[in-house]
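First chain A sits with chain B, and in the next complex the same chain sits with chain C.
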Partner chain A sequence: MVIGIPRSLFYYYFFPFWSGVFQALGLTYLVSPETTKGIMENGATLTADEICLPVKLHFGHAHYLADKVDLIFSPGFGRWGRRSHFCPKLISLPDLTRLQFQGTLEFHHELDEANSIVEEYWLAPLRQLAPGVKKKTLLYALKEGENKQAAFVALCRQGYLLPQAFKELDVRLASGEDPARMFKAGSQQEKGPRILVLGHPYMVYDNLAGQGLLQTLTKAGARVFTKEMVPAAEEDKLWPTQEKRVFWTLGQQMLSAAYYYVSRRQIDGVIFHSACLCGPDALIGELLEKYLGKVEDAPPLLKLTVDEHTGDAGLQTRVEAFLDLLEWRKQYAAV
Partner chain B sequence: MKEMFIGIDVGSVSTNLALLDLEGQVVQTVYLRTGGRPISTVQLGLKRLRETMGSSSLPKASATPLQSEDDRGQTTESLEEQKTTEGYGFSRSSEEIRIAGVATTGSARRLIGLMVGADLVKNEITTHAVAALHYQPDAQTIIEIGGQDSKLIIVRDGIVVDFAMNTVCAAGTGSFLDQQAARLGMEIEEFGNLALTAKNPVTIAGRCAVFAESDMIHKQQMGHPLSDIAAGLCEALVRNFLSNVGKGKEIKPTVVFQGGVAANPGIKRAFEKVLGYSLVTPEYFGVMGAVGAALLARNQYLTTKKSSNFRGWQLCTEDITTVGQTCDGCSNHCELVVLKRGGQVLAYLDDRCGKWSDLVTETAGEAI
Partner chain C sequence: MPRYKVTIARMGTSNIFLRSFLEELGFEPLLPPPITQETLSLGSRYTPEFACLPLKVNLGNYLQTLETQDPDLIFMAGGIGPCRFGLYGEVQKEILRSLGYDLPFIVIEPPKKHFTEVIQNFTRFLGGKFWRNLPRAIRICWCKAKVTDVLDKMTLSLAPHLSVEWRKELWRKRDEFLIAIDQTGKTGRLKAILAEAEEVFASFPQEPRADVFRVMVVGEIYTVLEPAVNFQVERRLSLMGIEVTRTIYISEWIWQQIILNFLRIDWQKSLREEAKPYLSRFIGGHGLETVAYTVRAARRHYDGVVQLAPLGCMPEVAAMSIIGQVSKERQIPVLSLLMDEHTAEAGALTRIEAFVDLIQNRKARTSSGLGSRARS
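Showing the complex of A and B:
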């Protein structure tokens, strides 16, 4: 039996965990390829118009897998940690997927108040995948997955961008190194502007939806920081004057990351990369602006919004101009 | 020997060239409609520049022989015209002029940069800001409205601190005004002046070009005079700009208004009505992108003293074409653009992974 994992949504963060669990149970899985135009178009035709791009992409990837695998891995995301939620589209994702495709593996990828995986949600789907396997073995597999995830998270916090962290994780595991050990810092360029890219990982790192933002930045010699690099103790922290926690998990993480880097003066510019039609993002963008507006000598902010119709040219022009602006600012500060 | 700099701004609607001297003074500007043919338009533009210069800097050794008539492929405006004016200024040289730097900007900046051998390829937001600040050092806001896009650039203490560009919507740009003027059966030049004569501008929904149009038709049928409708449209576009592009950004005087639409007095007055003070329109408002590019080329030359990659005037007459090609390397099916001179490939553009564009960039100059 082959399980199909769509390369969408929280593949871009929890793949080490998922793959770790499946490997430990000796299950075979297939990951859909990097997003192509075809995948994006299929996703757009399979979904309602007003659905956001990430969900469209998810359907495109599921469609790619539909005739190649026995079960489509179809997680839903409700809440991670305390008072932290996802939008209705991600909560209802297993249901939405079931309406469109046959043979889906439904479950909820939730995190408890201590931010660890809620095992009880996993036991039912794992029993479906590996019938007859003892609970003890299943729990062991979950532990294996969690270890792999922990190693990946540690890599991210060392400054690796997500795709590099995935790659590095495989290299380390293949060489038999203890994944839980701390790794040395990722190699990023020494000079060049330091840019904090805030966005949903499944947008920023997607081949098409990201529109080459990270490549453009690294090509231009910029050092990229993301919310995944923020230390655990800080990743959920409210800024001192923030009146209340943001309802949305990723939204709060983005704001906390902005607070972490900006208050430490560790970055030169902030790029907010959001999906068109993303309800939470519309609020987060405003809050981010509000926060930066109160900081003295705050780093400049560039807001980018993408949907499936956006061409790369507009993004390139804006990012280039933004880098010019930062350079200009630096020269001015030096005078 | 006089050193000069060329800035080329190839936008979707217009192609502008500016020739600057070593002091940064504008010597000559050329404004052309791109008409969907950026390459031949730039060739024509360069030819016009050269005509007015009346001198030659044709590199004697590296001059490429002209293609035979049959090999020229597409007949374009510039090539047609070329037959009559070929060889015009080659001996008319009164004072030797050397092109010491070329920069391209606008949406076709990469393509044209490769074609002319640009020393600098710069985005249009930066070039517009550079030009505006050159003429108006105390500017705090720059409004640029062109054919297909509009920009708002916020400047404080002489440096750009924030900017915004319109997104996918073209309402509020030159093309839409053009279209509406045409629908009312008048020249775009008349349209702005007509708006100035309005007694009581009507309210028009400016949020979307489609709604604006149906609203205008409705107002016409209700019997409102054209002048009021024209003024109403101008005000709607300004409202749209301020809410869509401006989005609450703080607009402070001095405001520089440039881009093709700055020629429209109706729009200018509508802005002034909302903002409460007058806007500054620089002398070369229509070609500021090109002026900014040339200024940047000049700055680069002054700091590095590096000699230019400019491929020379012969490129006005060369057979430069582009061919579309679909890459079958992966399921992205990138639509490549192949830039060719005669039969020789100069560059590949628009591939996602870079496997094509990396192939020939070294031979095509250091522009990218």
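Showing the complex of A and C:
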């Protein structure tokens, strides 16, 4: 029995939890490879034109796995905390996947008010995957997953970019150290422009959808900040001019991250990286622009929208031009 | 306290009862001009490209009102997600401020969770007369909403039984009665108008017809209710002699969303069960309803389903992928029309006409024993 985990959507954040749970139960899983052109094209063919790029990619990855595994792991993402949700497409994800692929199981990855996993949604499908296993063992596996996730989140907050944090987590777990307790700042340059990259992890870190944004930035010597690095106490704070909390968790996190870094004057520029046809991003980008506009001497904002046709070179040129602009701005300020 | 001038955005016939509601409460309502292409282009000029159509049209409404009149306040409904509508207020407020319009933008959140806040939003501007005027305001508002909806239901169910000329006459009369409803301020008069409409409609010569095609209209509330953005699809189908069943009526929506939700009565249960084989959860907006009604339409042997939604509408896009499957499995034609400010009228109309041809041919085939439904 092999479980297929598509390398898409919240693989880029919750993978430590998922892999932790499956490992604790002795289940085998296979993660699809980095996105290729073929995966993206398959995804686009399998889904309606009107659906956003991340969901298209998800279907491409699921399609890659379909004939290699017994079950495709495609959980729904509904509630996150008391008042927050994911977007409607992610809530209905198990239903959308079920219509396309054989061998799916209804999982719902939901977080309760204390930001811990809603266990009841996991117990039923896990019982099917691991028949005969006692409830106590299942709960223990979930706890293992949560511990691994907490260690990963701690690494992110220490300044690691997500792929580095994944790697570092594995290294530290293999060497038997407690990953959460060790403090070692992420390996980033000390000088260079400080850039806040705001975007969904499944866009920013995806090999194709991300369009090498992070590579371009690090090659140019920039220091990258992301919303995953914001301390827990600050990740939900509203802008002073914001009258209503955004009810999509990730959306509010992006706005709060901008507020955290901008109000502390810790960054030189903001890049908003969004997916074409992403509903929440359309509004979050607009709010971000308006809130930033009210800040005196606010860092410049670059908005990038990516779809399956966006060329690599175009994005790179825009990012480089943006970095040039930041450089001139600095020199001008120094005069 | 001064008499505050209030403006709102338009949505179908809802301006009729909202105007009375605000007036009776003690506001001076200022309504935006009817929605035209101008409204759409004005609204989309200042809104993000991938925002949904209602947000753009709403903003166009506000800007057109602000050009010629001077409202003191804007009233807008809120929401708690996950549909984007709940964030319209915050975004529209920011856009208007950046354009230099610094008037209070009052967002009325669902009373189930924000009861005191809702009341305060009214008493702030009305003081004690809010409570004094409220019963009368609710009464006229509810009666008008109900009467306009009954009028529309009567029109839609009568149309297929009339000749082409009489159908036109029917819709012309419907528009006249709508104006009469808008102009009166008395609930007694509303009953008289309805009685008159019943009498007039009954006098139309009906033709017995064996083959009435039935189409269910599902989708997102704004695009279903606002003829200016859906190219009057309901009226067009009705004029072609098709029996249109609209699944969203504003009076029912008020009853469910405001009253029943406030009383925590689960009105959605039967819809959830109907959608369950395809969609197991509430996904915001009218997504669940769209799936449930499509299943229901197939079960009740409708000839087709028309889904109306703004382009990029998150719940409806999810629902669209699902009802495609319902259509395949249950053999019911579905036409999904997703609209934005660039949608050309001619293109949409061609698709509607082709769809009507399809369902008519299909029925002809089925009745001659060649169709697929005969097998299923």
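Note that the second predicted complex is superposed on the first by the 333 of 335 C-alpha atoms of A that agree within 3 Å, B and C clash if a C-alpha of one lies under 4 Å from a C-alpha of the other, contacts with A are read in each partner's own complex, and residues count from 1 in each chain.
Definition applied: contacts are C-beta pairs under 8 Å (C-beta built on N, C-alpha and C of every residue); 3 or more make two chains touch, one makes a residue touch a chain.
This structure is a prediction, so every number in the text was calculated from the model and none was measured.
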Name the contact category of A:8: first (chain B only), second (chain C only), both, or neither.
-> neither
Based on the superposed arrangement, let me know which partner A:318 touches: chain B (first), chain C (second), both, or neither?
-> first
Once the shared chain is lined up, is A:300 touching chain B (first), chain C (second), both, or neither of them?
-> first
Quick one: classify A:328 as touching chain B (first), chain C (second), both or neither.
-> first
Between chain B and chain C, more extensive residue contact with chain A | C
Classify the contacts of A:50 with the two partner chains as first (chain B alone), second (chain C alone), both, or neither.
-> second
Determine, under the contact definition given at the top, whether A:42 touches first (chain B), second (chain C), both, or neither.
-> neither
In the overlay, answer first, second, both or neither for which of chain B and chain C A:211 touches.
-> neither
Intersected contact list for chain A, partners chain B and chain C 305
Could you pull out which chain C residues touch chain A in their complex?
-> 47-52, 78, 80-84, 86-87, 89-91, 93-95, 97-98, 107, 278-285, 287, 311-315, 317-318, 320-322, 324-325, 338
Per the touch rule above, chain A residues touching chain C in the complex are 47-48, 50-51, 76, 78, 83-89, 91-92, 94-96, 99, 106, 242-244, 246-248, 276-283, 285-287, 290-291, 293, 305
Contact footprint of chain A on chain B as seen in their complex | 107, 122-126, 157-163, 165, 167-168, 330-333, 352
In the complex, go through chain A and note every residue touching chain B.
-> 33, 36-39, 212, 300-301, 305, 309-310, 313-314, 316-318, 320-322, 324-325, 328-329, 332
